[in-house]
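Every chain is named by a letter (A, B, C and D) in the order it is written, and numbering of its residues begins at 1.
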């Protein structure tokens, strides 16, 4: 759909084109969940820096996760997944013989990349989720006021001084990142610490992260790092590793904040094939126009028909 | 920790966190490092990404286990059996680092012929006196040393602690060598052979039977350790209170010390034992102690048996050889720092004015005196014992029996409000109107509101600067203590009472500053760091004199202000110095980061290998050099031989890395310094669902018990009624909270992340007891019953022990009746029963029962517990 | 950023700025506030280097102060131990020091009383001083039954947390030892 | 180690859903995997005002068109009343929208920019335009003031009125809510039909019978379009369309169809003969109710669809399985993950 492609390139054009010489390199996050220790420092550092209010959900019984989802009051969320694993730790190698598995395990351990407790057939996945700062961001597209905009760093930010709480971005986001804060009335989400970036400071979560699971930097450089890491794990036989949001040809044109996951995205509460809804907007406008014409015709028919 | 002190000489971590990145294998045991020390854990992850193997031995699968290559579930309280099994594996398979062991440990030393092992005496070492319940340790000594190896030790009873028994007391050695040695390590009474016999029954099969760890898994751990030790490779141990909070806690650490000495992992990069302390200044408050049994720098508190005068005391409590040979220098310098001009050679430098200890005066002993009405006054400063200490109910009864209580904290903690919100009010055991305790609550300043230094887990002093003034009545402890001292001295000025002399002689005139008359913290650090008579600062502890011409508040800190510079406040970015970062803060002693680092070179002074070089002998310059400050006499050549009658460091050879010890060796076998034996032996926890398969003696015979109605004990296998409390219960911390919660349950963000007390149990136990995940469960012991949300998870596994299935219940202990998030207190479940060396309570292993649903309210909970005690036939002495 | 603010286009209404940003997804939508945004760490009156008060890893902290109040506490990238990183507790330090429930006044509970009362700090110190002196006198032990000197009292106990500074511990040990109070203990055992 | 003991269901909560088991099933699963059944996307935050606006705004737009045509045909009785209905609707609409805002005082920000990528932005401009034009036209129709303005005003109102009635379909179609997004091409027609039906019906109620013929026909035509489009939509939405058929939304939509059909029936036969006029008015009432209920049903279906992860994950995983998409997660070698 060439018209969509056109729309998307224009969307991307918001950065760097509209900033001219003020444009900065596109900054983002690479969250390597294979080294996340689930300490939640990112959640706390974020709330501290951005003065995000507390949000008590009580004891949820969902492993160590008492935050559950990203929303206006949680801009970082650490997911905890306790898994019993069969001998083979991923489906596509489920046919491995125990000997093959043992060999692969040895390889993994020597490489120091192993994060799985095969001995007990148990693993505990932890992953820090955050706004994806999509290359083609639905929230940004649908915002009627321009409260949401793409910054000179290529990130997507809600401007609290503009947002009037129309709530359109909330169902538009394919990741469910945004929501309205009560009683404030406006929507809030990760700004990738827009203000800190202005002073060349790391975003609060990335700076705090004890194991450097959250890595901040120029997106192009992060992509190289991630590819290398993936290859490393692949070579070590840790075949469950995958990159999520690192590819410009996915439904949102790639993420500004992408991930290395050890299982399918939906296991972490992430959509496996997110699509920016506005990719279909030309078609939607066409139908809307057609419907409007149909309505006009109907009215005309109703009136003129009466003459006969 | 005396576990470290008696093995190597100093009671501190032998290495530093950043050095973990050099390890080839890291064993984390008795610690949940990723959860309790997340930022330190980054160095484990660094090592891992360099290919190191990470092994986590823990009853639960934790966030640490999730990052480990191997998690080994173990029955809480059986670590000595596991570690002893590794010792046995090393010796049986001849995997020890022979050259290291022969030169740097006391393996070759021949022990007194009177010595008998637990293997010979069914769980007792020689010297056991059933009357006193103590050991006469004279037969434990090196053969040929004088009879009273341990000085006044044998009469000192429970008062002696590892720190106090630092080094071998009064051990008289010529040329720093034991009188009898066997270089071949074949002599039946040489330490090596004794060790070999002692652990010969700690086989993989025994480990499986006792710890519930499959033989294969154990062998994998043992072999991985051996493969990653030697000239080319090193391994490290990390532990925390999962090892110390047992009735044999000190011996846990000793066992790890033995392994690391046999494998040659002490004093070398990537090796060592890293004690992970849980509080910002735990290490510091032991080095410069607020502890009853030691003075700053681990000098022992005077004891009547140790002699009436300075010289007798020094003679009785220190060896002549090794760094402790100069104890008089350190002691006199301390007395000069405290009593200034009043301390003279004529009056023994006021030594006579110091108070004496003659028993266990630790917190729990004091609590018992409070219950007996013998201790009317209590200061609690930045501490929350009614939540953080074992048997909280007993703690609260004690507080209710005081005349006055002073609590200083940043928040109004439960210890200050016990008289109105403790559970005993709910049960009717206490009534607010009947509690006569007068309570003063005084707001304290936070770390951002005062200057001062914390000593972190790796002995590193780091200065923190004041950012803002404390608000309202909030004051720092520095200001408060100084003020209290001034007021007392003012009121007693002119007193002729002998008891007031120490107080009036005290040097107590610090320059103050700021709106609150704050003493200058740097001035205090200067006093600690030491001065010459002319007021100039000492450079190192070797500068200290015994004639009163130097003053030094803590000899191990000598030089912390050298050159008039606050060494602890140095903040040179790590990016601008080598990986050891010697110019960031200051590590005691003498800014050494890996101690005993002379052992990183072979006896001739060359690095064991290029890969593991750290400190070595430089032939040209004729001095020790390397990445770190050499923990050795800088110009003492590797082939140095002491002359007869040399004392102190001069008496140690050029190949003796453990310069604090009288013989300069690492101690596989501790002839003195420990109450409960020269070698670690497996004893069951005080309360256990299993029998000790090794000896008839089930538990540590010296464990400290308190037999009183407030402190009943569950019967332990094989006693009748033990099965009324069939499960093991253990406590732990969560990343999101801090100890007793005063600093986390009051912080909204942290409270949100872990809002409720929960218990972690296996699906199998949940099924057995009909407990639903997410519902409430009630945990019962003979002390009390508490309720928690059930977190049913595969991360807790049932273990096969002695042919039975043993279930374990995990409980975080952060909650109490106060704060933003409230809950029952896990420590209320645990009894007072202590390690004999350091008087630390056993809260990492006890027995309990668990039921579905919430606990009864009010007095009904007492009935529930009474019913349990009746069914179990709990006998309470003193009732 | 600043020179950007000067641009005439920045002062035009967004609708007109859309001439250069037709979809209005980029700079055209930027509010004046956003254009001038700077972090509070940059505008702070001062920043001091500190150490985390929680566990003993000893992470470096940077404490930012504005108008006499702590406005931000974050990791100190210069520290060789923590390299700027903090755990959730360390990262929550600002809430800990600025906690709304922090005690600011001295409170006194008289024997058998059912509630607190506020008393002046000086009065409290005087009262405590008197009790220390009286209890010490009442419970003094000058020698043991064998006539050997003890010079002590076991009538006063002291229990400290391990979050006190070493300098503070030093003064406490020094003073209480001189007072003869031997039951001095801290968290290190507990 | 590969076999797991049977454990009580209580434990399932501590690990993510996977047919209630931890193992990786080898066959594609009926129930898509999820994170403790947590929704992937957020439920909309719009409240009751919005479906009412869909109804009122649609009616206002269509009424403007009806009024314009009636005016052209000199049916001033009908024209004036249609203008009035449109006027009422066009002024209630902004009130509804403003009251739904989190920050009502900032409603003018809706016109801060013009964003073609945002149906709400476009809609705001359409609403503003229609609003002005309808006001002028209605004022002239009843009082005869500013005839000049009104001449162009009527045309503008009629032209802008059409998309005003249909853009709301684009508004909700352009979201990540599966039930809405999948139905994006039908929603504008459903809304157009509803708008026509309600505009016609309202005019029938307000206009003396002999002048109401065009309105009556419009109502019937609209009803037909609404029912037809709704049926098509539910069919085309497939799995994502489930919420339109199940639960409360399903019931509402069935009720809407029935009511609309009945109303249309009555209107269709009612009309010419005086005696049928009351029937016609009843039918008109039913049509209004039906059109409103249909909006409500569609609105609620969106919430239901957002609240269950299977509606989001299932179709996406299916796309990947069928090779229609690589998805966002990639194994080495660009294999979908």
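Criterion: contacts are C-beta pairs under 8 Å (C-beta built on N, C-alpha and C of every residue); 3 or more make two chains touch, one makes a residue touch a chain.
Every value quoted in this text rests on a predicted model; they were computed, and no experiment measured them.
Q: Find the most central chain, measuring centrality by the gap between its CA centroid and the centroid of all protein CA atoms shown.
A: C
Q: If you tally the C-beta contacts for A-C and for A-D, which one comes out higher?
A: By number of C-beta pairs in contact, A-D is the larger.
Q: Where the centre means the average of the CA atoms, what chain is farthest from chain A?
A: It is B.
Q: Measuring centre to centre with CA averages, how many angstrom lie between chain A and chain C?
A: Distance between chain centres, rounded to whole Å: 36 Å.
Q: Return the distance between the CA-based centres of chain A and chain D, expressed in whole Å.
A: Inter-chain centre distance comes to 29 Å.
Q: With chain centres defined as C-alpha means, what is the inter-centre distance between chain B and chain C in Å?
A: The computed centroid separation for chain B versus chain C comes out at 26 Å.
Q: Could you put a whole-Å number on the gap between the CA centroids of chain A and chain B?
A: From the centre of chain A to the centre of chain B is 45 Å.
Q: Multi-chain contacts in chain B: which residues touch at least two other chains?
A: Correct list: 38-39, 42, 735-736, 748-750, 753, 773-774, 791, 793-794.
Q: Give me the residue numbers in chain A that touch at least two other chains, ranges are fine.
A: Residues 11, 39-41, 43-44, 48, 61, 63, 82, 84, 119-120, 141, 146-147, 162, 210, 212 of chain A each touch two or more of the other chains.
Q: At least two other chains touched by the same residue of chain D: list those residues.
A: 13-15, 22, 112-113, 115, 117
Q: Please output the residues of chain A touching chain B within their complex, sorted ascending.
A: These residues of chain A touch chain B: 35, 37-41, 43-44, 47-48, 54-59, 61, 63-64, 66-67, 82, 84, 109-115, 117, 119-120, 122-124, 126, 210-212.
Q: Which part of chain C faces chain B closely enough to touch in the complex?
A: Touch residues, chain C against chain B: 46, 48-61, 63, 65, 68-70, 73, 76-83, 85-90, 92-93, 95-97, 99, 101-112, 114-116, 121, 124-133, 135-136, 138-140, 142, 144, 146, 148-152, 154-175, 177-190.
Q: Could you list, by residue number, the parts of chain D that touch chain A in their complex?
A: 1-2, 4, 13-16, 21-24, 26, 32-36, 38-46, 61-62, 65-66, 69-70, 72-73, 75, 100-104, 106-107, 109-110, 112-113, 115, 117-121, 124, 162-163, 165-167, 169-177, 180-181, 184-189, 191-192, 195-196, 200, 213-215, 217-218, 221-222, 225, 302, 306, 309, 312-313, 316-317, 319-320, 325-332, 334, 337
Q: In their shared complex, at which residues does chain A touch chain C?
A: 10-11, 13-15, 17-19, 22, 39-41, 43-45, 48-49, 140-141, 146-152, 157, 159, 161-162, 193-196, 198-199, 201-202, 204, 207-210, 212
Q: For chain A, which residues count as touching chain D in their complex?
A: That would be residues 7, 11, 61-63, 65, 68-69, 71, 79, 81-87, 90-91, 94, 118-121, 138, 141-147, 162-168, 170-180, 184-187, 230-231, 234, 239, 241-247, 249-252, 255, 261, 264-275, 277-278, 280-281, 283-285, 287-296, 298-307 of chain A.
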